[in-house]
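Shared chain: subunit A. Partners: subunit B in the first complex, subunit C in the second.
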Partner chain A sequence: MTFIISMKLSHKGVVNIFHNEYILEEDKISSLHEKSYLSASKTSSKKWKKVREFCIEKALLLVSILSGLMILIIFAFIAAKSAKVFQANGIKFATTLGFDRQIWQAARSVVDQPVKNFGALGLIIGTLYTSLGALLISAPIGILTAVVITELAPKWLRRPFQTFIRYLASVPSVIYGLVGILVIVPFIKNHFITLEMQTKYISYFQMTGRSFIAGVIVLSFMILPIITALTIDALKAVPRRYKEAAYALGFSPWRTIVKVLLPSAKSGIFAGIILAVGAAMGEAIALSMVIGGIPNVPNPAMCSNPLDSLYTPVLTLATAIVNKSETLSGEYTSSALFACGVLLLVTCAILSFLSKAVDYIVKRRVGLE
Partner chain B sequence: MNKRLARDYVGYILSWLAMSITVCICLGIFIYLFVNGISQLSPDFIFKQPVPTSNERLSGGISTPIIGSLLLTFIGIIIAFPWSLATAIFLNEYASKNKLAGILRMGIDVLSGVPTIVIAIFGLAIFTNPQFAFLSEMVPGSDKALGRSFLVAGVTMAVMVLPFMIKTCEEALKTVSNTYREASLALGASKVQTIFKVVLPASKDGLITAITLGIGRIIGDTAIVWLTLGDTLKIGNGSAPWWMPNNILNTLKGTGSTLTSFIFYASPAGEGNQTSKAFGAALVLIIIIILINLLTDFIGGFKKRVSE
Partner chain C sequence: MFKKKQILIFFLIVSLVLSLMFAFNFAEMNNDGNAISLIIDGEEIKDGIAPVMLEDTLYLPAKIVCEYLGADYEFSEDEGKISIYLADRIIESVVDMPYVDINTEIHQLQKTPIKNGDDIMLPAEMVKISFDADVSYDASYKAANIKYFSLMSGTLRMGGAPSFINIAQRAIDKLKKISPKFDARVFGGGSSAGITACQDGEFDIANITRELTADESYYCPDLKSYRIAKEGIAVIVNKQNPINDLNRDYVCKIFEGKFLSWRAAQGKDIPIYVNVQEAGTGTSNTFFDIGILAADEFGEYARTAMPNASNGLVRQAVASDPLAVGYVTFSFLNDSVKAVSVGGVIPSKQSVLEKKWPLVNKLYIVTNGEAKGLKGKYINFLRSKMGRQIIEEEGLINLDVYHLDEIES
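For the complex of A and B:
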């Protein structure tokens, strides 16, 4: 027996099935499907099914809206908690120095006269310096590593290399911090910090090797796999014919990479770099272990050798929250830390959004999509 | 011509140098942890409770951090997986290309860029409200909840892994060919039946990948643990073993520690300052993470073999 089944999918996904002689009604098929031969009335089962479909769809819709709005919920809660400090300081919160001392004073102040003034400029500068420093180190290394993995390495080596990158990406941040504090920090202390520097800075802080440069190195380890992985994706997305055309024009393999492959992949590479900056800015635990915890601004003018300022401690927005987490129970101190969170959240949200936008815009301009 | 050749070679050398730096960092970290941590690994280290003391010989093992890690991961995945799967189903099956889905996807994408420390203080901000005291406990003598417990940390972790798991779940659902859906609908199955009886079973491997991804992220995170779980070395309130049925709720509402927070605590940056314990815990953590990665690879490889 042959059935001619023609299917018409309307936009809501309702299916009509036509038999060659008569039309099988939808509820008949579905009741057969549900093995409910004994159901008392078919109409009620159909009704119930419709209700169920409706309920499940709406439930899924609600859950999805919750996930989509989560970012706004997070922002609302953190902003509400930080309102006190923003009310007391306004824009000065982002333009004045001295966060460390203020937190210290606020934590010890009596309840009647709370310290309300906070200035996070030192943290903002620390955040920018560390993440850009890390980017300077790891962007070239990451991009060249990706070039090796996609173009230069022999085929049998490519998969193991990629596995290395994946494992590097999955190492938890606290382990980077542990390696940093047990290897990099003592190394800096033993080899770069001299007695002269110790005495020069002794009125401000002790030079323990926990420093700006240690933070930059640890951060650059951490964002290296992000940049590499996204560059690999971008390079793999470049159409093969671009490379063949370049070879046909007599380009050497290296010239093809520099002049053809990397420019065509630049949208993905930019997106990866922006994402990596976001990750670097938000990194808290590993950095707080190696960075020193004093929101000092590295000042090259203070020493005879400008490079010495690299070994001074800094503090970033994210590490401030971890470092001062004991004060999260205080009214104004917690509000100040939440304010740091707001700055961080807004910056990272913008970067995250930008990364998508850059990918989209540049891709359209290059004509890949 | 010679100049060009030289330039090519400089390029090659620089690239391979970069590659070897990357490989050295990766190998270096693993070997360093292995060399320093292997002497710690013993049944005592794994199964004994940590003791807060400055004497390294008496400071015990890491049993409660291991249990804490597993417990927290379990709670986080139990919450995050249905949540992200529901979102992925809605985005992919019901609203794949309309405007609402675009907006929701954008929100989820932006969420994936939010640092974990921000999500951690969000957890604190929301769960210290007294209405949420049922997840932790009230602070004695105040009108605030403590906001630190396994349940609180689990929910916060779920928020953290949500965007990543949604994305992986959605990719898993996308791999299911449309012909499956059409065939199911043609047989008269409803949309919900199609999703639950056809699409989800067909995308099982991808969904398992999403779960392993979530596990890897939760088990490796420290910031959320540090702020919303606390770093008490013991687990449960001590009146009975933590796993006893009449005590498990107290355990879940109490504070604890995980492997990551134990490493932080035992490193020179924390109060414990017991480097060898930190190495041991770090090695255990790395081994767990390598196993999770291998599991993901195995699922992926298996799938490839089946499809070939």
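For the complex of A and C:
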């Protein structure tokens, strides 16, 4: 719904812009007309302009309504497709484990006794852990990079730096996945995993390098440019007089950044972080190449060295949909995958709502608006 | 003057060449003698039995025609009964009887099928009616001309198992060359996705690497499957692994996760890392049925088994990990991994043909409803001599008969 409202607002804005331009242009034309043209041609051209404006306005309205409808249709379609699994499981779908085993059984089950029970708790935990883990790595790095780019770097370096970060954001996700499987996974396997560890945990999980930590590293690379770019925007939006006031009071540059700039850019930074979490949760292709594909729950208590639980293979909601897509022809299996889609959509919708809310609340508290 | 001489020499050379060509042509025609050449879809068939002309009727060799048009051919000596099984029709007739039975519909014939020496010969008219082919005789060249695949016109959309794509694409390329009016597109997406698309009418044909599941044939009774080829599934280990042979019980226990160390299978004392393929893939289902369920009724894949999306990824995973074990189809075997023998049988095409190799996967083509017209002809093409050659070159194994289910060892 928020999407539709924002679409409507933007639509009004666009129309206004059109209107203003039109008025300006008309003034120009009418002044020309007064000089050289007959009044008859003047009225006809005016009429034509009006018709054109009407057409453009209605076309824009139609387009915005259509795109809003599209979202609604997608929501309705996914909800209808997933209804079977939610009917059979209810809330248990989000609170029980064992998704991969259940999908396998359901894909092989006979018609008379379909497997209806699915539990996606492992996927939900996997999704939360990987995206929060990625956030822990990339939020500090991203914010500090933004500070360096806007405040500390020499002036001639700032623009290329910024272009570079923006370019990173446009790299397709499958490239990150390739780098992950060809560089990061072998690196983890060769440098951190030993044969003793592999022997010790063989009945618990296989340490092949495709793991939770590999997923976190790949994801943090992916969301770093989002956080950095939005933080740069937020820092640039801080009024110049704040900084000048801080310097006038004798603050050191570092103190100015920590005490003045970052707090006043807080709302933008939070919005960027939440957007990044949303992107991380929805990421499928790159992750599915590196995280192993078994919905385990990393459990430090079960490992003699808690850090070893980082090498657990996990599965997230989005990667489950990609990896198990071979089973889409089954009735309940496809329904279960759509149910994963519903969980993803709901979390992402909540997150995008949250980012708007945080933006609003923080701005109001700081007194920018 | 000089120019005139040049022209004269040139003219002489040209006339020499032309006369030589004619001479060779005549020599060739004389060599052939009275034999009639058989041309199927523009290609001359040289091996085998030649057509004969008796009492102004052209007779075609049944075996050769069936082989090149992709039909199963059976002849029983005692009853003199000829049975021909195509994807879209069953043709039955009896030697010296003037009728033919096409899909239980009886047609009258002018001439009867005959026995010429050891060979069964069909009259041109019968081939025309029963195969729906175009048969003509060119008296000046002494050639019998059959047009079957070159009559195909229209477009097909197909999709399914990725390992089927190469075969389908090569068959389509060949068919396009034979018949310019034919066109087809082939897509991937996996066996199950192919079947779904076939049900929805998005694809005319689904290429799958497993049998139809009970679920699919129950919900969509119209789906019909046609056997095309088979392929062996090999158990692969890393090249550093000293294991060369596993018995079937070991294979089952390894993939069930009951063996945790290679020592249990008489190897080094290192853990076993099991690689399987994702749920829903043809290879995964087949391996589970033959490799695990056949040995242990309540077996399941190991809980820690690493799922991979495709044969290629399993091979890559096994090649890069000294502990790993996995399974791929024969066409994915290469030097980067080691295929172990199972129960002393070496994984090779030969052992599949001898029905000794236990892990065999079958390739099917699925259509929504009976395969008629273009679809039927496409299936017939894959079963014809040209299609069989493509399948062989792609590393798969052709079936001996298509209309009967072979009993696997």
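As a working rule, the second predicted complex is superposed on the first by the 302 of 369 C-alpha atoms of A that agree within 3 Å, B and C clash if a C-alpha of one lies under 4 Å from a C-alpha of the other, contacts with A are read in each partner's own complex, and residues count from 1 in each chain.
Just so we're on the same page, a contact is a pair of C-beta atoms (placed from the backbone, for glycine too) under 8 Å apart; a residue touches a chain by one contact, two chains touch by 3 or more.
A quick note: this is a predicted structure, and the numbers were derived from the prediction, not measured.
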Three-chain arrangement built on subunit A, subunit B and subunit C clash or fit: clash
Partner chain in contact with A:Q162 - subunit B first, subunit C second, else both or neither: neither
Contacts of A:Q206 with subunit B and subunit C, given as first, second, both or neither: second
Partner chain(s) touched by A:Q198 [first = subunit B, second = subunit C, both, neither]: second
Subunit B versus subunit C as contact partner of A:V258, first or second or both or neither: first
Which of subunit B and subunit C A:G292 touches, first, second, both or neither: second
First, second, both or neither for A:L328, with subunit B first and subunit C second: both
Partner chain in contact with A:S173 - subunit B first, subunit C second, else both or neither: first
Residues on subunit A lying within both footprints (that of subunit B and that of subunit C): 288, 325, 328
Touch list for subunit A against partner subunit C, complex: 100-101, 103-104, 107-111, 186, 195, 198-199, 202-206, 208, 210, 288, 292-294, 313, 323-331, 333
Complex contacts: residues of subunit A adjacent to subunit B: 5, 7, 9, 13, 15, 17, 24, 26, 29-30, 32-33, 49, 52-53, 56-57, 59-61, 63-72, 74, 77-78, 80-81, 140-145, 147-149, 152-153, 161, 164-168, 170-179, 181-183, 221, 224, 228, 252-255, 257-258, 275, 278-279, 281-285, 288-290, 318, 321-322, 325, 328, 337-338, 341, 344-345, 348-349, 351-353, 355-356
Footprint of subunit A on subunit B - complex, ascending: 4-5, 7-8, 11-12, 14-19, 21-23, 25-27, 29-30, 32-33, 83-84, 86-87, 89-91, 94-95, 103-122, 124-126, 159, 162-163, 166, 182, 185-193, 216, 219-223, 226-227, 260, 263-264, 267-269, 275, 278-279, 282, 285-286, 289-290, 292-293
Interface residues, subunit C side, partner subunit A - complex: 190-193, 195-196, 213-216, 218-219, 260-261, 270-274, 278-281, 285, 288, 300-301, 303-309, 317, 320-321, 323-324
